Amino acid sequence: MAYNLLKGKKGIVFGALNDKSIAWKVAERAHEEGAELVLTNAPVAMRMGEINKLAEQTNSQVIGADATNLDDLSNLLSQSMEIFGGKMDFILHSIGMSPNVRKKRSYDDLDYKYYSQSIDISAISFHKLLQTAKKMDAINEYGSVVALTYIAAQRTFYGYNDMAEAKSVLESIARSFGYIYGREKKVRINTVSQSPNITTAGGGIRGFDGLYDFSDRMAPLGNASSEECADYCVTLFSDLTRKITMQNLFNDGGFSSMGMSARVMGFYNRCLDNLLPDEW
Amino acid sequence: MAYNLLKGKKGIVFGALNDKSIAWKVAERAHEEGAELVLTNAPVAMRMGEINKLAEQTNSQVIGADATNLDDLSNLLSQSMEIFGGKMDFILHSIGMSPNVRKKRSYDDLDYKYYSQSIDISAISFHKLLQTAKKMDAINEYGSVVALTYIAAQRTFYGYNDMAEAKSVLESIARSFGYIYGREKKVRINTVSQSPNITTAGGGIRGFDGLYDFSDRMAPLGNASSEECADYCVTLFSDLTRKITMQNLFNDGGFSSMGMSARVMGFYNRCLDNLLPDEW
Amino acid sequence: MAYNLLKGKKGIVFGALNDKSIAWKVAERAHEEGAELVLTNAPVAMRMGEINKLAEQTNSQVIGADATNLDDLSNLLSQSMEIFGGKMDFILHSIGMSPNVRKKRSYDDLDYKYYSQSIDISAISFHKLLQTAKKMDAINEYGSVVALTYIAAQRTFYGYNDMAEAKSVLESIARSFGYIYGREKKVRINTVSQSPNITTAGGGIRGFDGLYDFSDRMAPLGNASSEECADYCVTLFSDLTRKITMQNLFNDGGFSSMGMSARVMGFYNRCLDNLLPDEW
Amino acid sequence: MAYNLLKGKKGIVFGALNDKSIAWKVAERAHEEGAELVLTNAPVAMRMGEINKLAEQTNSQVIGADATNLDDLSNLLSQSMEIFGGKMDFILHSIGMSPNVRKKRSYDDLDYKYYSQSIDISAISFHKLLQTAKKMDAINEYGSVVALTYIAAQRTFYGYNDMAEAKSVLESIARSFGYIYGREKKVRINTVSQSPNITTAGGGIRGFDGLYDFSDRMAPLGNASSEECADYCVTLFSDLTRKITMQNLFNDGGFSSMGMSARVMGFYNRCLDNLLPDEW
């Protein structure tokens, strides 16, 4: 169901790789709600992905950009403004990658060049985007920028590795830049902290399936899907949330506020009863 | 501008006293978005207020109820279900009152009967409402309940007095009951932590004007107005936020994430420079 | 090992029921560190407990007091000051009881008289103690007051029931009164949020054993014992923590900052693999 | 007054530049409490500083090390172990520097090479230290590592610039590595979030004096001094806090839990009354 919540609005969506990506769903929903879009991804990701299919479906243009490269970002924004015939209203940042995770370096044996890349790609790219946009005055007043994050920025999750620091930086940038962009141009900046999703990205993390099940049993409403994340992002891009800024917002079925659910505890206790003593 | 976000939805709004009340604005906006409403307030508040005007304007029914009284709540819910022809989809709880604040008892000289009343009226009423609703199965699946709160539940604000504890209880109930109502009926429960507003309610708090100015200068987007709070509540009642639950959500122009703004610091420094030494 | 950290200091310890109580261990350690003590408990708890043994061991006096009764508190403080020959330096509040938990009322079927008692006994008693102490000017400058709490004030734990609200109030009082007592008398007030302990008190909560095991596996250092809590309280009563106030401090082996540990995940995954499909 | 809290313990203190440094005070207090120390700083900082005076006073050795250089860290730890005749028990990390702040680049005009250096020097150095120490097995069981941080990791402070992200990374590392070092070697890792101090380091931040005054008026106990920070660190290095890990601990006179104090509000209101209308 569509409400025309984003009618007349223009925005850029980063990170739509394939139809499992949250960014893909956000683009679909934003389009349904009346937005005009530019899609972007790293050139290498675009080769692997199916972004052109999405572009066709949403009647969007695709512009490749390495989000760590200032020239690419500048080019992306100026081309987008040309396409839009003016400034834009919203941006989704959905970019995260850790070479340490990919190369299976454990957190107490990190490669520091990779570490720096994790932070640069997954977080500093967000600052570069915002700084470039502000310098070009590319976002309308009360525009809205959202970046996707994960609760590992607050609590330690086994296997999430140096992405914990990357997400901490990302959320800090949302606050720091949200203050400046807010006071000067009324632009709001928030992060959405999403349930684990079974995407290509999530697949790389050790023990992911068990974590997905655990989250789903812990959260009273279960994990939030990509579609539900897209619905939520639409509200944050709309004019109905104009004073929400510098916030980290959990879209997670309640997981973040849970300590222990009956479902997890029941499962856990059954395990305690059934596992053989010598397994301890 | 309206989007039909609440088309076909039914809800109860507590606490609309006059057109300065946030609840009043929420009722107006929910009506604009297509919702069918029942308005309620304490009988004594209804005598003082102009709720009938709002009822007429929003084509709603008014049912008086003391929110601390289980029979009143039960009657309110059953009458509402009769009016709606079934269960409801959303509820706004906007109730807060501290006899200690009214009687100007300072926080280190509280009257304990009043203290208990502050918590009972401002917070336990929320549990009573939820418990009664759940027992009567009065809320549809994925229904949404919102209570209004203030950041004094996290940080101490001079003059806010025992309302700090009342709001802490309120937010804790949103989590505790959000877990149970979520797992059993998919009902989500959140609190919205709103900027200070110049309402009849806020007027009772000592030094309120200065605080309003301070918040407004600290928040990069300034204080959120009642209208902006109503817009936000509409998104939380809609189907676009179905996995948001057990959260405390700040609608405050960024205040909650600020430590110090240039505007406050500049003002403050000018004061430091200008005030006579003997004032120190 | 003792350091004379509390040499010359005087304090009151609430809530030592038997040698499994955290308060018992705090009294022992404070005594070892050179403090002079008064022990107190509710008359009914004293009848069940062995507090006299502790009094003998720590060379302390015992004064019964119902912590919800202002006259009892006033009497306790004035008698203590007589014994001490002056004001005191620290107080431990370790009081918590929920009639709803005892009577096995579930959280969506609370008795509201019991609910009010849970909050009154477990939390408002803390305010009554502080207000009485401040009016009597019973605590020395830079004195230190600690109350024991649990992480259920931040996150929902199945079975913890209305104690979640009680602990929320307790922690809010520590902030609210910490501000006032701090600015006027330099007295600091904090809460210590402790791991689950196998005490008489903890025993009443449903599914407690599984929760104890879960916490212990989640926390990298395992659950904190009563003895370790006592050690920590000693540092908070000492002169070495004079600017720590209005804080909620986790003594929990790291549990509060964990989202998922390898030990829990490994155990959980083994269960996922081994439990029969029809158990799902 | 000394208690022998660190008798027999050995530790390394980073970042003692001169007698205004917190690290300087920590070294003095740790020495008084019976610890054996190695002092270290970047070679360039050592040339400017007076670290040899401190070494003499505390009977310590000085070993220069660039904390961003793995070889330097490895050399520092192995030399220290030689001096100590074995592993160490505690480490203080007090390192922070932002080239962007020094070069007066505003947060919306950052140099990205500097940005990366801010994070590398102020935060990744902490990971490098921990990873090197763990690989060399340089810290005894239940050893304690503390890094100094600031509340700008949680809330935005005008002028703190990219140090906000650096401190966010630092605090995230304390959690992430605290989990791993805790589960494997029982080593605990915490950050202490300290009041603003008038040190050489703090002096570089714009509007610092006003901020110092504001914090001091807001916090009921006033700002915590360097000496008070040193006292607190001593408790965290001691055996009395063995289950405290992965925490960010505020030593700030209550500032972090304040929203508005009477002192700030009174001052602020006097300004509102006295400043000429045309200044608005």
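Each chain gets a letter, A, B, C and D, in the order it is written, and its residues are counted from 1.
Definition applied: contacts are C-beta pairs under 8 Å (C-beta built on N, C-alpha and C of every residue); 3 or more make two chains touch, one makes a residue touch a chain.
Every value quoted in this text rests on a predicted model; they were computed, and no experiment measured them.
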Farthest chain (mean CA position) relative to subunit C: A
Residue-number overlap at the subunit A/subunit D interface, same or different (half cut): same
Whole-Å gap between the CA centroids of subunit A and subunit B: 30
Mean-CA-position distance for subunit C and subunit B (Å): 32
Between subunit C and subunit A, distance of the C-alpha-averaged centres to the nearest whole Å: 40
Shared-contact residues (touching 2 or more other chains) in subunit C: 155-156, 158, 175, 178-181, 246, 257-258, 261-262
Contact set on subunit A toward subunit C in their complex: 151-152, 154-159, 207, 210-211, 213-214, 257-262, 265, 267-272, 274-275, 279
Subunit B residues within the subunit A interface of the complex: 1, 3-5, 175, 178-183, 186, 188, 195, 220-225, 228, 231-232, 234-235, 238-247, 249-254, 256-258, 261-263
In the complex, subunit B residues that touch subunit C: 70, 107-110, 112, 115-116, 119-120, 123-124, 127-128, 130-131, 134-135, 153, 155-156, 158, 161-162, 164-165, 168-169, 171-173, 175-181, 246
